[in-house]
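Should a chain be cited, it is by its letter among A, B, C, D and E, assigned in written order, with residues numbered from 1 in that chain.
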């Protein structure tokens, strides 16, 4: 082969396309930053839109492996899209790299030698948040998440570490017609007498939730703890809507734009320069994806038929990552740190997040032990 | 007043009118007779702009109305009582009457709901009923009343007495006679030739989409075998 | 008078306070042509609809051929031999004339849960259909789509469909309405030809037709039968003249 | 039972109902009266939201934004009628569905193209962006109260317009027999365009009212339009009263389902199963409602007097 | 003689299209694009669903806005047994067809009491219930769907795990479905169905219990669509309740109408246009929905009867008479 072909599946259309755009921008930046070459081969990126739907995602993966004959299938925001598409990519003997989705199945029983993640397993981030809740002395919490694979994983995660009582749970409708008006749920949360509200709402649902949280007068009454909700996708809109209540709210994450390492500096600055905004964690993970692939291709000197060689190289996680150095567990999910972050305004007055402290260090997901390979 | 010159009308590919020509003068009552399917209704629909003639010319009071949109034609002062009643089923009787009512030419004694009800007392009891619940004859009366409420210069009745009881039918003929006295021009299609002969000034007999005979009531009377041949009476 | 072919007893139908059918008793004898006349809105169509099973009566009973059919659904009455024509035409406009009539034949040729054999080539269906069409003089239009026919032709088709079901009792709701003079006369001929062979209940405002055809006439006013009798009796009935005829047939 | 919570949830239900009514009103008018199935009604809802968001940003005032966006949405509705819908009245329902589905695609892509995929938030003025205190220490957002009031006002206005004015009569007449109305001298084309524009404005208003709560986003109308259809079907097509009652029913059932169904289910299934089934079952509730209503009243709760 | 179907396509269009489908695996090999087979497999499976919908929609005037539910039922009839390790294809197909038929019978019995748009919406309501039922069953993946690890087994008769075998299996299924619908609509039963489409009241007056006939027709259509669902499950290896979402029911309607409702082969053409446009337009631009939508509008406004109408129009232009 004279080219490295990378198929990248994400969501371009539908409102969730915001996330997809961030990811596409990041991979484009990464390819630019490596000069369009890996191990002497040209890089060809093929972007596909999953339309936020598992069957479409799968269809696109079929196309990538059967028509375009790509070497790597990467991307995937959504856990259920990844679950639906996995078989097509792996059966065709390709590497499958998740740049975001990390459902428990793939980390545990259904792990695969050709699957890698550059993100995290769903449970981990909320586990960190459970710790934070404990540390802050919260005794009872009300939890809300969308009703899909990741939402359920996230709730399971926070319940794994949180020592107090979960007084109520709401799983709301998700997908392309996701529920965005949470009036009923917020009223329930308030009436439940919980000391805190924990939520997981990626994409535009996050912004909507925070707005309504404020309008319902919960600010100051029911402190808000979030995962994957308040990010650089939601913040500009919250700022435009002048929803100051979100300032100071807490979330956990394995990455932040202010994380101090050279690769991250280069990435965040490059991204801001090129696109005029903060990158999201989705972008950071996508950026990492390209560098992970690059490390593999270089290890075999561009001999793309050497799958074993490339796999061994990737298992070492020997590439510059935006989150700093991490290692891979037996299930090919990162073992990494998780930080507590707070919403602040930066020097230019732009709302962003700042790392407060490290909550979990070199943390491995709880499903790794189920992975036999 | 109304003048039709050699119109040709098609439904899709099939031609129905082949050079139909006729005229209605002011204050005149004119009839259109002919067997089923000869093109009487099609002529009326061509006049009203409901179907478009492919050739020919139609003028009303010297204004050309060929191919004008139906509502503009109606506003010239043509009032239609269509074949098969076509009352507005989802409107009450009163609403049917007032919805399209107009007095565009400032008639001194315009038609009102009250006047229509005097003419058709049967409707009075049903004034708030939805029109689709009326009996066939009641609907026919309503359709006539509705056309009158637009105070037309030329009233066109297409089989307006279909399904009416003898008494009512007679009432309608009386009414037409009164209207005629008041100077109303009327174009009427009906199968009650005897009544028509009494009321109308002139007659046209239509066959296969064109006029094959025209003349006055007296001429029609004198031409018994023609009537027998063309109309089967 | 029990034992009549069609027996209506104390039939009652109320529409929002108006008694459209007001305790009607009616007997139609086998093979007679029984006409029903009456002013517009007297309840003639409503009566027919109750006989054919489309409108459920509020009270009373209907017996047909010795069998109580008061609650029998419309399609079953049709299978028992009751056919109606509609005052306001009701056809399958997108099918051809022949198909319309052939369906009527098919309805009475056993059940139609036959999924495999092409129906249009079944001469058992098209044959009788063509006969019915010929009877109303529509045979040469058999293959035209019903929609493309004039109003009068629709009326003829309407009758052909009723005939094609080979009914024992024909309920005819103003069959002459909308027909030309000649066609009306034809219809009179058709009905005259059927007389004696079929029992018919005829609603019509065409008094010439009624008085030439009917064996007996019932007069309906405000939902009530005010008189029943031979044409002669009805013609001379003062109440009927007042309510309906005027001096039309003096 | 927590009666305070119950009251709040009732209010939430009413607010959702009112919003559905605003959408359903235009839909039921266009559908019941012009016999036109307009799937793209939801796109007008979306356009209303985007217009309002943009104008709010420009004028710095939500109120001004709404006031300007309303005529703009009506104008857009008018254009849609002129360019696409008008050619379709003589077609059957399926053609309507097909063409207006095409319209949805066009609108969604156009929005993506013009405003980008991100969506737009609408900041509320301070006096609306608060909440009112109810008895028993409960609170309710002020803005949601405004939505309820707006919806009720529109309902009253519409009812009057359709049932008691000559325009209303003509519109209904045109629904049953367009040709005849024209043959009697009425410019039905103009009339229908007017109805369409008014319907569009109501849909737009609904969009403007929801956007400050969620946001203006692509495809926001595509799901709610189905619920709006459910509403007009339950209510009986063409009936403003029916649309209102059904909207309230659907709003309340949906909200109450989300609020209390899981607790109900926990009475007879494991808490885990109850929590995962409850959202699906409460989303199903309105469809069950529709099926039950139609099973017993095949023409909806307030069937039109004809058809 | 009697026009068999007035909206008929020239027969050679159908034959040419089927010949093309039969040759496609070779074409796909020749241009070295295995994905073409996938594309056309999906097309054919959806075409069977569209043909089944056409039976009630095109010929019977029953616009079901919930037909995708039968796809889901059929797909889960493969997925759920497979989840428990039952891979027998005959079992799958029997469950798919019977399951769909039973659901169609129950829902149709209620839905057919309504008319027109009410029917459209109540069928959608039932489909949504099916959708949410599968969503709420956590065991089979709920919202996230269920991965099927292998295709149905036909006891050594056929190995549909093999792409080519599966392809022809689906093609034969499509041809059989077309034959079935053709025979049905021209039978006595079919005449009753189209008569009831034209004027149900009159059909009752001449002696047909139309409700029963329509219900039977609805059940046949549902069962056939369930069969297509079983094929779909086998094809994708992955099933999700989302397949039964109203949008997909809508798409099925579009395929039928686009191709020309009430013509035998129209739905297949409609499906082809829909699937191919979706696939190829989307490669051009992210904004492909716009031209796609505009095309829909134009087709509807200018050619009644969808693609089928367009073909006939073209045929008339170039002097090739339509079959009559």
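Odds and ends about this structure:
As a convention for this text, contacts are C-beta pairs under 8 Å (C-beta built on N, C-alpha and C of every residue); 3 or more make two chains touch, one makes a residue touch a chain.
Worth saying up front: this structure is predicted, and the values here are computed from it rather than measured.
Think of each touching pair as a link: the shortest run of links from chain B to chain E has 2 of them.
Path length between chain A and chain C in the chain contact graph, taken as the least number of steps between touching chains: 2. Distance from chain C peaks, on a Cα-centroid basis, for A. Of the two chain pairs considered here, A-E and B-D, the higher C-beta contact count falls to B-D. Taking the mean of the C-alpha atoms as each chain's centre, chain C and chain D sit 48 Å apart. Measuring from the averaged C-alpha position of chain D to that of chain E gives a distance of 31 Å.
Computed centre separation for the pair chain B/chain C is 29 angstrom, with centres defined by C-alpha atoms. Between the CA-based centres of chain A and chain B the separation comes to 76 Å, rounded to the whole angstrom. Multi-chain contact residues, meaning those touching two or more other chains, do not occur anywhere in chain C.
In chain E, the residues that reach two or more other chains under the touch definition are 142-143, 286, 289.
For chain B, no residue reaches two or more other chains under the stated contact definition.
Contact between chains, using the touch rule, shows up for A-D, A-E, B-C, B-D, C-E, D-E.
By the touch criterion given at the top, residues 2-4, 6, 183-184, 186-192, 194-195, 197-199, 201-210, 213, 216 of chain E touch chain C in their complex. Within the complex formed with chain D, the chain A residues making contact are 12-15, 17-18, 21, 147, 152, 169-173, 176-177, 180-181, 183-185, 187-188, 191, 204, 207-208, 211-212, 214-217, 237-238, 240-243. Those residues of chain D whose C-beta lies close enough to touch chain B in the complex are 166, 169-170, 172-173, 175-177, 179-188, 238, 304-307. Residue ranges of chain E in contact with chain A, taken from their complex: 33-36, 38, 42, 142-145, 147, 149, 236-238, 240, 242-243, 282, 286, 289.
Across the complex, chain B meets chain C through its residues 11, 14, 34-37, 41, 83-84, 122, 125-126, 129, 133-138, 140-141, 159, 162-170, 191, 193, 231-233.
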